[in-house]
Amino acid sequence: MIQNTRGANFLRPLINAYNPLPIHGITAIPGKISGALMLVNAITDAVPLIHGPVGCAFQRKINPFRPHASFYETPCTDMRDLEVVYGGEEKLRQGIKETYEKYHPALIVVITTCASDLIGDDFKSVIEGIKGDIGCEVIYTAGDFVGKSKPIGYQDALYAITDQMLCEGLEKGEIVKNDCSVNIITLPIHNAALKTAEMASVLREMGIKINKICFDHTTVKDLYALSKAELTITDYPLAGIRLMKEKAGVDYYATVGLEKYRERKEPELLSPYGIEGSARVFMEIAKRMGKEGEAEEVIERRKKIAVEKVSGIKKDLEGKTVAYSGMGCLHSLEQQMLLRDVGINPGLVIYKTSGLGLLLSMDAMEEVRNITVEWARKYGSEPEVLINPTTKEEIKAMKEKRVDLAIVSSLNNAVHEYHKEGIRTFNREDLMLHYQRIGFECPVELALRLREALKEPQKRSPLLCMLEYDTLRVNLTPEWAKLADIFMSLRGGVVGDRC
Amino acid sequence: MNNEKIKEREGLVYDPTQDCKLVGAARALSGVKDAITIVHARPGCHCGVLLLRALGSNQNDIRIVSSAFRASEMIYGAEGKLTDAIRLSYKHFKPSLIAVLNCSAPAIMGDDVEGVVLAMKEEIPAEVFSLSTGGYEGPAWIGYEETLAELTHFMVESEKAENSVNIIGFKQDEIKAYSDLSEIERMLNSQGITVNSVLTNSNFDEIKKAPEASLNIVLGGDGLESAKIMKERFDVPYVVTPYPFGLNNSIEFLKRVSRGLNKQIDQEFISTEKEAIKERIERVFLFLEGIYDTSVAVVGDGGRAFDLAKFLSDELGFGIKVLAITSKNYSTQDREKEDYFESLLIEPDRFEMNRELKTKGVEMIFGSSMEKKLAYELGAPLVRIFYPVLDEVSISDSPYAGFKGTIQLTENIINAVISNYAGIIDAD
Amino acid sequence: MIQNTRGANFLRPLINAYNPLPIHGITAIPGKISGALMLVNAITDAVPLIHGPVGCAFQRKINPFRPHASFYETPCTDMRDLEVVYGGEEKLRQGIKETYEKYHPALIVVITTCASDLIGDDFKSVIEGIKGDIGCEVIYTAGDFVGKSKPIGYQDALYAITDQMLCEGLEKGEIVKNDCSVNIITLPIHNAALKTAEMASVLREMGIKINKICFDHTTVKDLYALSKAELTITDYPLAGIRLMKEKAGVDYYATVGLEKYRERKEPELLSPYGIEGSARVFMEIAKRMGKEGEAEEVIERRKKIAVEKVSGIKKDLEGKTVAYSGMGCLHSLEQQMLLRDVGINPGLVIYKTSGLGLLLSMDAMEEVRNITVEWARKYGSEPEVLINPTTKEEIKAMKEKRVDLAIVSSLNNAVHEYHKEGIRTFNREDLMLHYQRIGFECPVELALRLREALKEPQKRSPLLCMLEYDTLRVNLTPEWAKLADIFMSLRGGVVGDRC
Amino acid sequence: MNNEKIKEREGLVYDPTQDCKLVGAARALSGVKDAITIVHARPGCHCGVLLLRALGSNQNDIRIVSSAFRASEMIYGAEGKLTDAIRLSYKHFKPSLIAVLNCSAPAIMGDDVEGVVLAMKEEIPAEVFSLSTGGYEGPAWIGYEETLAELTHFMVESEKAENSVNIIGFKQDEIKAYSDLSEIERMLNSQGITVNSVLTNSNFDEIKKAPEASLNIVLGGDGLESAKIMKERFDVPYVVTPYPFGLNNSIEFLKRVSRGLNKQIDQEFISTEKEAIKERIERVFLFLEGIYDTSVAVVGDGGRAFDLAKFLSDELGFGIKVLAITSKNYSTQDREKEDYFESLLIEPDRFEMNRELKTKGVEMIFGSSMEKKLAYELGAPLVRIFYPVLDEVSISDSPYAGFKGTIQLTENIINAVISNYAGIIDAD
């Protein structure tokens, strides 16, 4: 029933194919070069120049954030023994010049490496020295601007852009503001254009202009124009965005109010999704822009349409018993969308702390758990809660509760085992990756997809059930579980890069 | 499966997903290795059948001859041309069998094809027969059934050999035909069963001796008519088996055959094969987890498509949004009530079918070469499984059927997703 | 050295892959439906409606003229026994209506079949009856308008368009002429747009407007506009084009002067290619359009550039001994381009009458042969001529003559056998299919390609040499040779569809 | 081949077509089936190697561990982390060998890796060694050669077994690695030759016993260094063979091995295989005639790409417009004078290589996943043959090497041409 746009149907399975890869803080951490390349790659007329040995350029072609979309252009300075001993500044200087002559970009982003960092090359002075001689902007990212903020290279590169390019111009006081306009900035892995279309449309209807959406075919010219906006809307207040406020006076609004939540402990602040969450977010943006009046009408009208649509679908979901897994991650959807908007009836909530452990402390997890149960109660359900059950225990509980649909994650739950036992599932991971976004249309789509999932034919004997899996991390084979254990031990509990 | 999910053709205008009687008959005959098929028709029919054969199967084994008559002969009859065609075919190929397929034009013109056949039987030392294959007389699968039924007329009563089977419904112009047959034979041999003759992938003589088998295996229900005749006339029992796509269908295939022969099944062989499959899919388990739940359409003939869809749903965990049966067989009606698909189209009009696929959010198509443009428009990979495949060849030992086929299909499906240019387009 | 346009590199191998298929008068003849579909398919907003049984629609999806490019849309009226007995007119009437409602085309072309022809349906009256009720044009093609002109369906459909659509409008006297303009019409299999680009540019420079080029993204509207031109340029005077002259006063000019050649026996008339051939053709067109004055300068200038370019390349070809095969077909290139323009030195000319026999009578062949030798003499060579040699004999002769390059056809000569013997080849077939066209650029390209062929690495042991081939038709296996023999015997020497 | 056709890199800036030492070493080690590789480096290096392995080969056999040190440890040294990594690796995997790859950061920092290794050798009952694999220390192929050379240190002198060979230069993370090895073994077995150990696709113990073989086969020249050491130290002679792509290379492979063993070659086996190839290509001979003379580029490592290019030119009749050797080996220089290619690039910069391919009118690319974008821009099919292949998997028995591989390659190449969407785009 859900129509896809022409010619894009391959993308979901393609992205999904690489999704189970257990890296990103489970068995490995992508280095800073990858993060920086992700950003450079999202700027259509920028070229990276990796200041380091060939490996730092060749291996980094594989994009750990989107392994299906490699970085095909990764020129480097081909650092050798000689430079390690005598320094690589001259090679970098020559390299920048040559890069400009070869690629004719509007921006060269020099990405430094362990090797160039350790030998102490002075990137800044090399760049300042050569900038005037070539016809494009040059900046550098060394991974040390933003501390531990993840994904480190991305954060750092964005900071470098703000710091070395945008703020440069600002000092000259040349900004002509684009009145009553906002930027929308999200990670390039989040399909910016697709996922912000409704937000942009709502804001426009309120009389708020969209200055720039990043990153979506973004050019260097677009980057310069970022400082013309009054406000930047972003999911998380990245260091570069904070700097933009500081230096260029472009304030920001974070849709996921982690900072405020830490003060006020109101769980709603963590969820900008669903009908109410979106309404709150849109209204807060409107207030910041002085458009409350216009906003009220727009939000009410759009809300009404969404509520009507959802209630049309709700009928088919009534009386169905649902199990869901606690999200742990901040993209949490259950409270706003599943319970309030779609009105599902959770009979069972499952927590897997092995996954959560990566992301939140035990305290924070307990907090999230309490929130979850509280919410369910508020909407009239009294779900059983399972903490770290084995797959067998999950299935037993689901069968006892006569669960019609298990809303779980293909990365944390052994969905093929459920299927073998005749339990239908809805993959939270898929929703999060491809569809979840702020706006009123998303809950409608969720309701539709849930209804479809209830009707889906059973999958009886998945080949994947032939394999052995780790009992705790049910998506990992014993081999990978060992790698994960070793990694965890060595890192002593890292904060993952996924969220 | 409730009936609201089964859709029949709505309109009168038909952009067909199936072919006419002529092609069904010609396909069956092409598997009689020493037979010549004469297409008694105007040039178009002959050219069509020749193209299907030359592009879709062994390019050095065509054996299709045209009676090549001209427009002028449409007035006075083309019997003379047909006579010449039979003579020349015999002269050049020395076949054991010459089959005349009498198409629309001569059928309407009223050519006395039977008369020509009778006369030529006297003249040349080969069997000759004719079949009515006017395009308006029915679809391809009927032509196929009738041809196999016709072949039973040449069969001779004989002593039954123990644990010997015939395979019926095998089509040697399908994309993986030769390797599928090897794998099916390997599976049967593992159970101490030998293959007597294959309808059709045997010499005419071997086909005549088909009644020596103690069981007929009807693959996916294709050729059921001939199995029934052979049961009646030669007391050869039959089992209808799934086309062995995937692990479960392969086991089910062996089970039904064993049951049909009153044999114990050799479980050890199955365990070994399962272990082999497990070992291979372990190597790609992350991708397999990743593509789980892909929304797909299966567009193929009734003798194959149900079984493939079942494999995709049950074993790979795909969502079968649309199952389109482009061409029925006598088992199709029984299978309509199965439940691993969301919507079932029976012999759909291509226009309507395309519309259905487009609204269902299909992300991958299992079909024939005829679904290529649709796949392109949807931006969905096309895995070519069903006849006709005209833009892919297979000469290696890489079956889609059986235990080995389970591995090969899985490999091809993963590759269909991950090895296209989509990532680049996305990154742009 | 030769640059291809971006994104089109797959086309040559793809088209070539299907090229050796021995149909088109060798073992089969494509029926009229295929030809008609080829034309309908070339009109972007037209839809065919095949009035016949399913097979006439399903099998015809395979395009015998371009097997790599199927006809994906072939709706039919699904004729059954009932219609054969009682007539199919009502079904056709309904079918036309439904086709309009489903596809919303600008034109429906009803293509009749053996079945509908034989049962005597009155297509014309059905169409006239329903035309007013639907919102598009409807015509029919029955294969009986144009006699035996090949490819019959194509010829017939073009005639039907002219007769039933264009001339309809004409009678109303509504044509506004596009002054001093021409149409260029070639077969859709000939890559019209690609191959007529230079011609169009030359004509424009002479002050001649291009009214329409067919078929290249041609719409129904474009078809109506055909009658606005003063002259139609075409390779062969197709029946539909002759009709356009008769009824709409759009005269035509055939670049291959077969009619004139039959009168005057001047071999140049058969070759519109090469520098002189193209110059003659352009001048003749200019005369017809009253633009001789402008033409002279344009032609001279363009000729000069081409001659200069070619002579730059000629140096590398000098002293090289070449063997070539007689063309037989009317696309003949040796005289104009190989001898005159590029100045190659033929040591050996090979004739294969098994191929030629399909196309020309024995007399005509002898004629062609004489022309060839005469031309070679004129340019200072005295080539040996081999008639129907075996491959062994060819190779022996080539080795004796120390041939550097054999310009032969992959369809008539066993090129892989030559390669095995260390003889380099240039594939005439490839040139004809992909590059040969009227204009001054083509001889330059030919010279470049010949020079490249001389430098090409040797191919030592082609797998194809493992196969058996017929001794006469060296591109056919014995199996196919038998099919060809039978077909020839039954048809008694048909005229092929290739030329 | 005149030298004007060989092009070396022009500029300083290098968009590399080859990887660094670390990856060469890790690749060699991944074929020691019971070894653990520890990447002693900052996260990026480990993540890169892990991704290459997880996407490019057996997804359930990774065995790569990171020492996972933090930025803060770059100041005080990461020896403690390395010690922990070795301990944990032993605890979880119980490997026979732990190899520490010491990368750029700790190398520049001056970590005492040797000291850690010595201490750990005392502590755990497995072999431990370290290799210097700083990215600036050299390219991947040097890392590969050094690792194989290092492995020879563990080998033990022993009696030679007759007609027993080692295979050196086999890389089990190439796209068709497992089926290629099966085919190579089948070919050797046909001549009465058995495989002793494979460098690298053997247990550590089997590798130790490598000197039992009476001949080393150096595939495509990869691992030549270790073969030379083994000749010197264990008196095992070696032959450098082509990587057996195609019929001629397969025969040449067997010839050289037989000669190396002073054996008569079994011609009957070769005749049978030739006949099998002939029978298969007959089925697609029209397509083979059609794609003859396609203009292609071959972009791959020196141990494979020369031999593939030779097959494509000599046997399929393709025009090798560009042969780009992305990574050399010790045999590369000798092969530069061969003559089946029009232009030869040695370890080119990707930017310059792309430009070269674009001007040469290349219609098909034989390369790695890294050529995907280029292929897309050219509108040319990409056949993935060379490492790394990250967007195609192979779990079926379908080698590219050997006699069977000749058939499989031919099939894949024909399909690469005929089964893309080009026809539709053309028809538009």
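To keep things simple, chains are lettered A, B, C and D as they appear, and every chain counts its residues starting from 1.
Methods note: a contact is a pair of C-beta atoms (placed from the backbone, for glycine too) under 8 Å apart; a residue touches a chain by one contact, two chains touch by 3 or more.
In this text the structure is predicted, and so the values were computed from the model without any measurement.
J.: Can you list every chain in contact with both subunit A and subunit D?
T.: B
J.: More contacting C-beta pairs: A-B or B-C?
T.: Greater number of contacting C-beta pairs: B-C.
J.: Farthest from subunit C in C-alpha centre terms, which chain would that be?
T.: Farthest by centroid: A.
J.: Compute the distance, rounded to whole Å, between the mean C-alpha positions of subunit B and subunit C.
T.: 36
J.: Whole-Å distance, subunit B centre to subunit D centre, using C-alpha means?
T.: Distance between chain centres: 41 Å.
J.: Between subunit C and subunit D, what distance separates the C-alpha centroids? Give it in angstrom.
T.: 48
J.: Residue numbers in subunit C touching 2 or more other chains?
T.: 18, 21, 68, 70, 72, 477
J.: Mind pulling the residue numbers of subunit B that touch at least two other chains?
T.: Counting only residues that touch two or more other chains, subunit B contributes 54, 60-61, 281-282, 285-287, 372-373, 391, 410, 414, 418, 423-424.
J.: Using the contact definition from the top, classify how the chains connect: line, ring, star, complete or other.
T.: other
J.: What residues of subunit D sit close enough to touch subunit B in their complex?
T.: Going through subunit D, the ones touching subunit B are 54, 57-61, 280-287, 372-373, 375-376, 384, 391-398, 404, 407-408, 410-411, 414-415, 418-419, 421, 423-424.
J.: Name, in rising order, each residue of subunit B that touches subunit A in their complex.
T.: Contact set of subunit B toward subunit A: 247-248, 274, 277-278, 281-282, 285-294, 313-317, 319-320, 339-342, 358-364, 377-381, 406, 410, 414, 417-418, 420, 422-424, 426-427.
J.: Of all residues in subunit B, which touch subunit C in the complex?
T.: Residues 11-23, 41-52, 54-55, 60-62, 64-68, 70, 74, 81, 84-85, 88-89, 92-93, 103-105, 108-109, 134-137, 139-140, 349-351, 369-370, 372-374, 390-391 of subunit B touch subunit C in their complex.
J.: State the interface residues of subunit A toward subunit B in the complex, per the touch definition above.
T.: Of all residues in subunit A, those touching subunit B are 1-4, 6-22, 41, 66, 68-70, 410, 415-416, 419, 427, 430, 455-464, 466-467, 475, 477.
J.: Quick one: in the complex, what on subunit A touches subunit D?
T.: Against subunit D, subunit A makes touches at 18, 21, 23, 27-34, 49, 52-62, 64, 67-68, 70, 72-81, 83-84, 91, 94-95, 98-99, 102-103, 113-115, 118-119, 477, 479-480, 482-483, 485-487, 489-491.
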